[in-house]
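See structure below.
Order of writing sets the chain letters: A, B and C. Residues in each chain are counted from 1.
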Amino acid sequence: MSLAKGVWSQFSRRSPSLGVSSKALKTALLSPDLPNGPVSFKKRSSKIQYQSPIGMEQVYPLAYEMMEKRSEQVYAKIDQITEEINSAEDGSDLKIKLLAKKDKLLADAEKFNPEVLYKVQFATNSLDVTQPVYRRALKEKWESYAKMLTMQRLETLNVIPDTLPTLEPEVDVKIRFAHNAIETYVEPGKILSSNVTSKPPVIEITEFEEVQHELYTVLIVNPDIPDIENDTFSTTLHWGLKDIPLSNVDNVIDPKKLLEDETRELISYLPPTPEKNAPTNRLAVWVFRQNGVPLEKVEVTREFFNIREFVEQNNLQAVGAHVFRSTWDRNVNRVRELYGLPKGRIFHRVRR
Amino acid sequence: MLEMGQSEIEHSITGYSPPFVEVFTMSVRNFASVAAGSELAGISSALLLSRIPLVTPDLHPFEAAYYNYQNELKRRLMWTFPKYYYFRKGTVAEREFVQAQKYPLFKRPGVWFPRGVPDLKHGRDRRFKEEVTLPKQQERADEDDELSKPVVFNSRVTAADEAGDLTSLERRLSRTLYLLIKTKGAWKFPSFPLVEPKPLHEAAEQGLREIGSVNMNTWTVSNTPTAVLKYSNGKLLDAETQEKEVEREYFIKSHIIGGDFQISSSDVEEFRWLTKEEVEQTVEPQYYGQLGHLLSTV
Amino acid sequence: MLSNVRTSIIRQVDYLTSGTQLHFIRTKRKKAGSDKSEVRKLVTQLSVLSANRKQPKLLKFSNEDYVKHQVIQKSWNLYVRDKKAEEANILQKQYESIRAANEDLQSVSKELFSFANTREPSKRFPLELRVPTEYPPNQIWHHDYTPKVEKKK
């Protein structure tokens, strides 16, 4: 017998992703006790040994009923706001405000649904990002660790302010190099082998607000190329992408997306090939939101690239960043050959 | 002494501005010197006489279930009772205590425990809560000793509850009861017109004893009225009314401590002791709307 | 008993009880039963305060039960919050009502107003009012009350 009798049992107006798909799990979550033992335990002996805390069986149905009633009240409010939205003018400030409020209420209505709670905590790989409640959960998770880590690495490695003055992160940027079968994201600030970085990365941009069709610009810049003539370092543009259409669901920049339209690649990927004995190179990945406006007639130079000027000219807003590092290793020469680059220089302690 | 103090004060304030002097002198004037003037006309003093709860409030089912759940969690996480500290080894007390306990199964080689291998420390399975039984309770339960008889509690539901007697002060022990009387066919809180200039609470208390009986012990919470109702020609007006020519009814809060209300006036047709919800169903909706917040939900 | 207690423990005990007359002197091992009861008492007392062997196993919820626990806790928090808000609302209304009644009384009759606001320093809470208990007393209500006849001075 299921506890859900009200709004949380109806999937006609709610997305089916707001419920768990496994029948056994659903029964476990929507019964006062665990009729078939804990589903999350795999071993049979652990299942038999497990005992639910005493008293939970009595209080859980009441708690569930109360939370469901609250959710029903929130849904009644959502219905009101939806009517207001329908009567509001398209593109007006009021409508934007109401839409934001509706999103917030939709997340509130489902936040303490046990099925949603379960998915948010224990089935994070299959969250439906079209639902505000899951987007909020992802945002909270990102803010609790990944966001802080990224900012810390950007600041301690002086990517801020060496490339751009500052950043208010709004999106989660994750990158992945296709160097082995294991799909692991690069931790910000990690020193990668030049073999790994020899092919362009796959970039995943997670938006936490609702995004239907938005265009993004991505730049990978390296501010650590030695400029001996001026006794300084110069910035090189390793990869430039523009007008990449992304949404909440389709949020990955991979070769397939770039092949769809070749003008999206401002400048082709140049793998980092640090010089021997030169300092470790930082490769800053900057992500800009274009607010729906495509970039027109953009010309970039690979060497002596001025990223601040580029951002100002094109009126871009930085929303996320990532950084990885590269230092000379014995794969560099192979990578240079692969891309037909000239032989690298070797630096010495004393200038010759 | 008091008179001296008053005259001194009056003397000392003669230099102040007139309005202040007026108010102040009025407050220290004698009752007899006040003429029973027109300003008292249309003022009456009503009494919110309540019987406070005699037993603790009934728990909401959710509260009861939640407290039980938390209590069980607490017991599960409690340290084991250190028996060796309270009972010395080899004493009679220790033997009695040990005999009263129901110890869990201990681990034995070659035995399969479907609920998991017991983890015993100091005679307690550390995976579960510990049940401690006191030996004395067990032994003396069947003796005829007057002192050691098990305690039997009185029921929270009384005879008045079962009989549905609305005039009894012994009904609904866990709730605050309010006295309602029926005069001229309408249920209201007792209200008494002010005939002479005397404090509102005194008028209310005196009036109550006239319609009820003198055998009542009451305690007025405060001299200050807690609400005012305005009437025009016997019709209740809104709280925000701006009308000047109105009759006023000031409410004084009081508790009954002992004795019973017994009708001793022909004006009172009936009386009842009712809880907040019952008051709501008995009186006029408009009347309740202006007074409902004064009544206790407990 | 003492013979079983290792020297290191006794040293510790000695250190802890340096305020008392208890002193440890290294002597020959004694037979069981001839222990110093004060030392034994202290060891027992200290072990009562120690979690060693008395602490229960860690409480481990399965994922489903953990979710249920969260729902229970959240709904309890909301329940308490609503209840407190409702109480505060009623108090606010009562305050407004008292203020309105007093302002009205002041405008109608200054005299009655001053009566209503005179201080009563000698007023005491009545001792006869009972504190609510879990179960009612044998005599629920004191029905046969008669007022005391006041002596005239």
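One rule holds for everything that comes next: contacts are C-beta pairs under 8 Å (C-beta built on N, C-alpha and C of every residue); 3 or more make two chains touch, one makes a residue touch a chain.
Worth saying up front: this structure is predicted, and the values here are computed from it rather than measured.
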Q. Which chain wins if you rank chains by how close their C-alpha centre is to the centre of all protein C-alpha atoms?
A. C
Q) A-B or B-C: which has the larger count of contacting C-beta pairs? A) B-C
Q.
Quick check: how many Å separate the C-alpha centres of chain A and chain C?
A. 50
(Q) How many angstrom lie between the centres of chain A and chain B, each centre taken as the mean Cα position? (A) 58
Q: Report the inter-chain centroid distance for chain B and chain C in whole angstrom, where each centroid is the mean of the CA atoms.
A: 21
**Q.** Interface hub residues of chain B, defined as touching at least two other chains
**A.** 62, 66, 69, 73, 76, 129
Q: Two or more other chains in contact with one residue: find those residues in chain A.
A: 53, 56, 59, 62-63, 66
Q.
If I count partner chains per residue in chain C, which residues reach a count of at least 2?
A. 59, 72, 75-76, 79
Q.
Quick check on the complex: what are the chain A residues that touch chain C?
A. 25, 28-29, 34, 38-41, 50, 52-53, 56, 59-60, 62-64, 66-67, 70, 112, 114, 117-118, 121-122
Q) Which positions of chain C touch chain B when the two form their complex? A) 44-45, 47-48, 51, 53-57, 59, 72, 75-76, 79, 90, 93-94, 97-98, 100-102, 104-105, 108-112, 114-118, 120, 126, 128-130, 132-138, 140-147
Q. For chain B, which residues are in contact with chain A within the complex?
A. 61-62, 65-66, 68-73, 76, 114-116, 128-129
Q. Inside the complex, what are the residues of chain B that reach chain C?
A. 22-23, 26-27, 29, 34, 39-40, 43, 52-57, 62-63, 66, 69, 73, 76-80, 82, 84-85, 119, 121-122, 124, 126-127, 129, 153-156, 158, 169-170, 173-174, 194, 197-201, 214-217, 219, 223-228, 239, 248, 250-251, 255, 257-260, 293-294, 297
Q) What does chain C use to touch chain A in their complex? A) 59, 61-72, 74-76, 78-79
